[in-house]
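What follows is a group of structures, each given as structure tokens.
There are two complexes below, and they share chain A, which is joined by chain B in the first and by chain C in the second.
After this line comes the complex of A and B, so read on.
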């Protein structure tokens, strides 16, 4: 059962007010902030539209109110214990105030990751292999992910796919789809350009914030391939 | 059972008037930025088709010269989705490009984990657009999330000069230009715009079929004004996407009360917290569709939606929920209507929920077509052919 969201007492009293204020300031410094939050009528339309609110103790209204009131204590609690329940469907973009609670949550998540909050690490536990896949291959979902142990709830069908994977991939008419480790065939030059983008945009710092081991493996893979392609680049 | 008419959601007529749109036409701003040397706009190639968006603006949909921005989830887990899009292009003899110089949009990862940032997201988008432009084709986006995300990137690039500068610098270092398409076009818009031509070549009668439609959230909720609307469909109270296509094929599209709800995908949830995805998908979508409309099939137009609605039914069945509803993409239904092979082209063996009763209802010999596909697999297994080719699939 999903846990009840505890907002009554100051659960994070060990964290200083300065730190909570600093993290909220990081949210407000995001260029998107002024376009996604205009205040809140407290009408609850976002909650009515929200899928996560039906199954979790979760409320986009609560989040919108907290950030509109700049209640940094509550914001810190929500940044830790609530934002990862969001489905990022953006049904809440129906907000009559013009807010996008979903995007407010995206920004809060980004700040949580960047600052290496433990709750962000927990929320992304088991997710590292996906980050590895997308960042190293340029294709997030691949045929070889369809393994019974990864998707036991998808039934026997996944066994059939895993058993026949090689032949079924070859029995796809587009030549680009005869791949197993990526969704389609991706050029070497394309991957190199992607690695250069990760390097230039500082994305690897975010990975370091949540998973040092994953960061190390990714850096190894990327630096080696970049070197082979003639780039002397270090991700520090 | 709800008896809502499909063609008009109510007697109230919603007048679509571009003059009264509450927003600016982003394309005007794009062309202005191009004049100022800030970026280059990739024009929709001619000939193009015209569809109307939410506020009545005309959106150009290219007929051909399309660069197919594939979806990682489709290609990886439900590849017949993309194969059907390509098959339709081939069936009409259209010039299309299936690139290998393409990455995922990376938005799935971003919405799941936030391990990226706006510059990286925009740079990945523009790198892909530039790759399309370099070979002289126009991007056609297969995934609903990539589509919504790219619309947001385009919007952000127009309104955030600093982001534009950063992305232009990154592109310069990659030896590329900052190029932005005049329109961001989703493949289902192309299918919709082609629907009369598809119907003209229909060989399978679908008039006895009832379907429900799930419009993908990121298609019509992100930059909502850019989704396709039609006053003849739901009185333009909601997007005409998919519904217009199915109706053109003679399918009865039945309404259900939770049409606005998401599929339960959740981005992070479908990968590491699937209890939510399963429950939502079964209880808020599939069961409601079954109870209120009892369709033969549900049709959608996005990677995550097909996957979640389809795969979640396994556990629903174990819990004796009202499930057992086949899930397909509009491209698959359109290709099937035109006589595409259910396994060689639609690749329905990658889908989970039993779709054989649906195929049989259409008069398709399931055993025979499966045996034909198996024969191709046997040749591959025996090393007599390396791959199944388009010619094999089109036989």
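After this line comes the complex of A and C, so read on.
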């Protein structure tokens, strides 16, 4: 059972008001802010459309209302305990006021990560392997990451396919899919550009803020490959 | 010499009241109507009873128009569309088409009473399946049934046991561009709830709303009776989607004050569609060179203290031509424009 969201007790009373205000100000300073939250009718159409709200104690309306009211105590609680329950599907975009609670959450998550909040670290802990895969290879979950036993509901034939996975992949028409180590074959030029973008836009600093170990492994991989490509880049 | 006749375009409540005012003061009113009868939208769309007093629509409209029928000071032209205008206050020439024949009027002032049209729920941003599901209807569809004193599910002809209204369909929506409140839909939904409960006392009725807006006497005349006497349930929360489930429709929303998502089965859903400017209103704005607001309604010039004057002297806009209006607004502005039109013409005569 997911833990019920506690919005009444001040779970984070040890965090100073100044710090909570500062984090909210950082959200408001985001250039997207002025056109993702106008005002809130408190009509709940976002909750009605939200798949996460059906299964978790999660409410995009609560987030929109807390933010509209500038209730920094509640915003801090939500920034720690609620924003990670959103699947970022943006079904809530059907708001009659033109609000996007989903994008408000995007900004709150970014602020949580940039400031290295413990809850952000915990929330992203389980994704280290996926972040590593995406950032080191430039593609997403790869066929060789799938364990035949992991998804029994997929049926018995998954075992058969797993045995000769490389052969099955070669049977696929697009050449870019003839690989099992990555989701698809990534061009050398593309991966170098991705590394440069992640370096220059501060994404690597974000990673350092939430997972030092992951950052170290990524830097090893990236520095070596960038050097081979003729770039003299220093991370940190 | 200023022409003292006044042309009124549109024979709904506002236009009828304007014609009554002009003729009552002893001047000539020329009333043109595109249909072959008076009464406007309440008559054309077969409203059952008026809001808020629940008076029978045909009886009430009959009383309203009685003084202008067979009145020598009121010329009524049916099946007539205004197609062009020239001139100025005291001396307008109006071209019109009457059953394919071109005719012309000479008048001193013009009152535009061409009204509104209901929002088409096929254009909504929510997914209410109006065109897909028979049991999803609009307020106007419901009026038609209520005027025949029967209320049944269009899909199978059976009496509904559970139904809901969804408010603000086509109104108060930034994504749609209709940011305004259509003003009457809360009251009409509550009025229809009472009418349905009178016909079907066992039917459970829910109204899903953002804010209930029944100000003034509408509060005690319809809101309280609907809730207290007829046990209509008001739930603050908007539905996002309606889908078919067996022979029922499933409404997905949030009960916001109890803070819980809800998926409820209904026999019928009634969409409280709002108002938009009618084709006629948009055409008249073009023909007379009137300023329009961003929603396409005619813009009046005097703010809250002059609700009928336009940017063209001698041309007045009444009723729902200037924005969502109830019948009280329509007859009030119709009468006001009659007075303003005649005083503008008369002051011309004095200064000449």
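The rule is simple: the second predicted complex is superposed on the first by the 222 of 236 C-alpha atoms of A that agree within 3 Å, B and C clash if a C-alpha of one lies under 4 Å from a C-alpha of the other, contacts with A are read in each partner's own complex, and residues count from 1 in each chain.
The rule is simple: a residue touches a chain if its C-beta (ideal position, glycine included) is under 8 Å from a C-beta of that chain, and two chains touch if they have at least 3 such contacts.
These numbers come from a predicted model, not from an experiment.
Participant: Touching A:110, do we find chain B (first), chain C (second), both, or neither?
Facilitator: A:110: touches chain B, not chain C.
Participant: Which of the two partners, first being chain B and second being chain C, lies in contact with A:77: first, second, both, or neither?
Facilitator: After superposing on A, A:77 lies clear of both chain B and chain C.
Participant: State whether chain B or chain C is in contact with more residues of chain A in the superposed arrangement.
Facilitator: When the residues of chain A touched by each partner are counted, B comes out ahead.
Participant: Report for A:206: first if it touches chain B alone, second if chain C alone, otherwise both or neither.
Facilitator: First partner only.
Participant: Does the superposition put A:44 against chain B (first), chain C (second), both, or neither?
Facilitator: Second partner only, chain C.
Participant: Quick check on the superposed pair: does A:183 touch chain B, chain C, both, or neither? Answer first, second, both or neither.
Facilitator: first
Participant: Regarding the shared-chain residue A:136, is it in contact with chain B (first), chain C (second), both, or neither?
Facilitator: Once the two structures are laid over each other on A, A:136 reaches no partner at all.
Participant: Quick check on the superposed pair: does A:54 touch chain B, chain C, both, or neither? Answer first, second, both or neither.
Facilitator: both
Participant: Counting contacts the way the document defines them, which residues of chain A are shared by the two interfaces, the one with chain B and the one with chain C?
Facilitator: 49, 54, 94
Participant: Which bits of chain A are touching chain C when the two form their complex?
Facilitator: Per the touch definition, chain A meets chain C at residues 38, 41-45, 47-50, 53-54, 59, 61, 94-98.
Participant: Within their complex, state which residues of chain C touch chain A.
Facilitator: My answer: residues 125-126, 168, 172-176, 210-211, 236-241, 252-256, 259, 261.
Participant: Please give the residue numbers of chain A that touch chain B in the complex, ascending.
Facilitator: 31-32, 35, 49, 51-52, 54-56, 84, 87-91, 93-94, 106, 109-110, 112-113, 120, 123-127, 130-131, 134-135, 138-143, 145-146, 151, 153-155, 157, 160-161, 164, 167-178, 182-187, 189-191, 193-194, 196-198, 200-203, 206-207, 210
Participant: Flag every residue of chain B that touches chain A in the complex, lowest number first.
Facilitator: It comes out as residues 70-77, 79, 82-83, 86-87, 98-104, 106, 108-120, 123-124, 127, 131, 148, 156, 159-160, 162-163, 170, 173-174, 217-218, 221-222, 224, 260-262, 264-269, 271-272, 274, 276, 278-280, 284, 311, 314-315, 344-345, 347, 349-350, 352, 373, 376-377, 380-381, 386-390, 392-393.
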